[in-house]
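Take a look at the structures listed below.
Two complexes, one shared chain (chain A), two partners (chain B, chain C).
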Partner chain A sequence: MRRIVPLLCFAAFASVPLWLQDPYLLNALITTGIFIIGAMSMNLLLGFTGQLSLGHIAFFGIGAYVSALTSLGFDAEIFGGYRLVHAPYPPVAGFALAVVIAGLCGYLVGRLSFRVRGAYFVIVTISFAEVVRLIALNWVELTQGPLALTNIPSITIGLPGLGYLTLKTKLQNCYLVLTIAGIAYLLIYGLVHSHYGRAMRALMENETLAVSVGIDVTRALTLTAVISAAIAGAAGSLYAHYIRIIDPEVFAFISTVTMVIMVVSGGKGSLAGPVVGGVIFGLLPVFLRPIMAPEAQWIAYGLVLVAILFVLPRGIVPSLAPKLAFAFRLAKPKPVIASERTAEERP
Partner chain B sequence: MATEDTVDQLLQHLVNTLVLGGTYALLGIGLTLIFGIMNVVNFTHGILYTFGAYMMFIVVHQFGLNFFLALPTAVVAGWLLGALIELTLLRPLRGSDIDTTMLVMIGAWIAMQSGALWIWGGVAKSIDNPFPEAPLVIGPVSVSWLRLFVLCAAGVLIVLTYSLINLTKLGKAMRATFQDSDTAALMGVNVSLIYTSTFAIGSALAAAGGALLGPVYVVFPQMGDLAAVKAFAIVILGGLGNITGAVIGGFILALAEELGAGYVSSGYRDAMGFLIIIAVLVFKPTGLFARAERVG
Partner chain C sequence: MAETVLSIEHVGVQFGGLHAISDMNFQVGQGEIVSLIGPNGAGKTTAFNVVTGFLKPSKGAVRYCGKDLQGLRPHEIADLGLIRTFQRTSVFPNDTVFDNVLIGLHRQGKLGLIEAILRLPRARASERRLRECAAELVRLVGLEARAQDLAGSLSYGEQRLVGVAIALAAQPKMLLMDEPVSGMNASETHTFVQLIRKIRDSGVTILLVEHDMPMVMSVSDRIVVLNYGRIIAEGPPDAIRANPAVIEAYLGQSARDAANKVASHA
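For the complex of A and B:
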């Protein structure tokens, strides 16, 4: 059951581009997929360590810029007249570098800011994202500032025996995003179910107790931050090579909020949560578009976030999964355990 | 002669700091009260700032009333909106964890900001003021009459808030709630009422900040975003719930911004607040003037 459902979902997502031809919907699907990867990485921090990173878009944006600049090449002055010149590399190298550098930034932010928790961590991460945005806006020589980096090449992958394939069409990008999302899901699944995952959970439940049994708090939190940031960086890189133009607006705070809404509505701390929330909120604008002005859509977004927190504070998946599991198990002869489980999971 | 120019320039920066710092202090006090007493990370603070500025615009331009009448109207409107937010969103969530209230406030902020965009549009608006165009020139520095008025008004509001907290019975109850809300409740303090009043007062101060700076700059729906982050920087700088700290923090931030814009690069002016936040939290997480022992 635990393994079949994600596999079925993956297969269902994989089949979508086969019967969906509308380019507008495919585009919405790809960007939603990219944001779901970002939301999954945020969930790793928020759901499994309890730290809300409201600057998460910084890692996404850093990934996008690193990847774009690596594949475009640049020539910029660093300090005191020293110039850094870089020739264009293949986009795959940009992707790899985006993951590494975003991960490094995650390490830095994690090391510096896990001394403070809760609200202060939130504010540090927001500040980090804003500083990065202002650098992207003002370091015109490197980033073109508000003029944006344009003509970012699409990702090219080498297939053994088949030569090189440039992923230009929406269909190809759809599968690329799906593949990376699958890898990210497996990575997070592995981490959460590992020794570190149990340490993280212990920390969230009772930090004093966790420390007393020898869990290294900073180490566990920093590792999580690094992986979370690296995944967000990968999502950013995908975004840059798919949209093929990025400007400092990728750092917009509202994008972080979109991810938060995806995670919180789907259910933080549940692996499926960000996917469910992401699909709902990523595709909602598509359906709201014909009936609502964009400003009204955002009003609806804000109100829906408030409503979800009031009605389903734990999110859709954790609230509904026990009921579904109950219904599923009623068909089988194991009702006692099922009812115990639902009773236990009620708040 | 070069040195004289440098001194003059520095003096001008200091005067600008004074004007800007007064309004920052207002924003900081409002937020530090709410953060300190209610333990709510108030993401609607920026939108109340915006709201104050728009109230000013409406009263002056749409109702055609006097500039000096518009100011108290904006403050009262901010007070009412704050009380409404507290009663509808925060009171039902009392006792839930800080993340939940924070996310609810983010939702409210997005809804209200988009509402402002919907109602008033994205075009920046300017507010007329009755002060003479020609600035007041004292020796090498010049300051516009409007900015001088802003500084005085901010000063009056700071003193009023200070007296409210330190001299009145309500202020005493607020301070008691800040120290220990359970004990305060046992001593007969109506904690719910204190929370509502605190949020309303904090909101009124944010609206006042917007109403004062609105005529100086321009009014647009996203103007509060940066203001909110600056307010957070001030609160962190000054220490949680520390009003004097917030006032000093407001002036420090204004000074950092003025000097940063004047001597480093004007593009990074707004980065100063964020850099201050990161630096303070990394090196001295309790704030510069805090009495609190532990953070987070």
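For the complex of A and C:
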């Protein structure tokens, strides 16, 4: 059952592009999907370790820029007259590099801030995002600054000898995003259900006790930050190759806020939370657009958020899940314990 | 005395101008049950915090199996097999008792990240082993009926047992327990004393901080008495019971006179 529900959801998402032909809606679906991946990565930090990364968009943006620059090539002065010249690589290499470099940035930020944590982590991440945005804006030689990086190639997949496929259409991109989202979901699922996930939960609940049984706080948190940042970087890379033009606006603070809203409304600390919250708040503007002026849309957006958190203060999934027995295991699976109990109860 | 496991060498702790511990010096031998007692504020919990790395001593050294613990962080000290329980907040309240113990098994479940995420066969085997281990520990402390309840919903006495199970899960060579029977009734305490003996018989050295005197007297091999950050007496329970300095520390000067009077009359 526990496996069936996510699989059914995945299948439902996969079927959407088959009956939905409207390119505008498909576009909304793809960008929403990309943001849901970002929200899932944020949920890993916020929901499972309790650390709020208010500069999470930095990792997303870094992924976007790294991926774009790798596939476009660049010729920029690093320092002291030394020039770094890079010939264009295939976009897939850009994607891989985006994941690695975003992960490295996650390591740096984690190392810097996790010795003190809490409010400090929030501040360090905000500052980090702002610094990266300013670099993207001002290092014109590398990033084109406000002129934006344009003509970013679409992702090409394939194997030597089997032929290549460039994912140009919305349909193809839709499945690409869905695939990466599925992989990210499985990755996070595996992590939080391993003993690493238990260590994370323990730190959030009672840090002193966790430390006393030999859990290394800094290591556990840094590891989580690395994985979270890497997933955000992957989302950024997808964004760059789908939109095919990026400027420093990808680092806008409002995007981080959107992710926080998706995570908190869906339910932080539940795997399905960011997906549910992401679908609602990613697609809400699409449905509001025909019936409301843009200003009114933002108000409606806020009202929906307030309404959700008023009625379901812990977020949609954790609040509703206990009422739906099957969804409960989806939200907080405790599989083997259940069998453990039956084993003990058996005479 | 058997081989020394823990040796506290002239440790002093100062908080600003306050000497929480002025000069503490004692050893714990392999397989012993030693109790650290003293009136409130005598520095017992401070001593625990120093030994387990939660506090840095202002002077002196703590040696565990001959290794200086100076500069080690708490989780590194735990990795050496020196595990403690806490006076309060001793559980992960939002997890089941079973999961609490499972978290305690962290040290034994170390796996590569990739195999843990992908649940490769080695990870599955390790997970199964941990679960068996956890079930056994839950049985050992006698909480199998509550295994699936949230630890935060248990009674105070039961939570202490969970705390012990978590500590045992970390495979201690030496266990430090901070007031383990506070909040327990007499019969719970009695069961707990048997549990402590069982733990010791499995080869774990135990250092206790406790206020419950009958319990301390019945379980300890040796008692160290602290007052105002100093050791005022050390020895087997019978000697401590009769020690005038100890009686004075607990009951005051007049009580000592009274005790002497009683003794002279007897």
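Keep this in mind: the second predicted complex is superposed on the first by the 309 of 347 C-alpha atoms of A that agree within 3 Å, B and C clash if a C-alpha of one lies under 4 Å from a C-alpha of the other, contacts with A are read in each partner's own complex, and residues count from 1 in each chain.
Going forward, a contact is a pair of C-beta atoms (placed from the backbone, for glycine too) under 8 Å apart; a residue touches a chain by one contact, two chains touch by 3 or more.
The structure displayed is predicted, hence computed values, not measured ones.
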item: Contact breadth on chain A, by residue count: chain C or chain B; value: B
item: Partner chain(s) touched by A:155 [first = chain B, second = chain C, both, neither]; value: neither
item: Partner chain(s) touched by A:299 [first = chain B, second = chain C, both, neither]; value: first
item: Partner chain(s) touched by A:120 [first = chain B, second = chain C, both, neither]; value: first
item: First (chain B), second (chain C), both or neither touched by A:177; value: neither
item: Partner chain in contact with A:142 - chain B first, chain C second, else both or neither; value: neither
item: Chain B versus chain C as contact partner of A:257, first or second or both or neither; value: first
item: Partner chain in contact with A:205 - chain B first, chain C second, else both or neither; value: second
item: On chain A, positions contacted by chain B and by chain C; value: none
item: Sites on chain A touched by chain C in the complex; value: 187, 190-191, 194-196, 198-199, 201-202, 205-206, 208-217, 223, 334, 336-337, 340-341, 344
item: Of all residues in chain A, those that touch chain B in their complex; value: 50, 52, 112-113, 115-124, 126-128, 130-131, 134-135, 137-138, 253-254, 257, 260, 264, 293, 295-299, 301-306, 309-310, 313
item: Interface residues, chain C side, partner chain A - complex; value: 52, 54, 73-75, 78-79, 83-86, 89-96, 98-99, 102-107, 109-111, 113, 116-119, 123, 127, 130-131, 135, 144, 147-148, 163, 166-167, 169-170
item: In the complex, chain B residues that touch chain A; value: 35, 41, 89, 92-93, 96, 98-100, 102-104, 106-115, 117-118, 225, 229, 232-233, 236, 265, 267-268, 270-271, 273-275, 277-278, 281-282, 285, 295-296
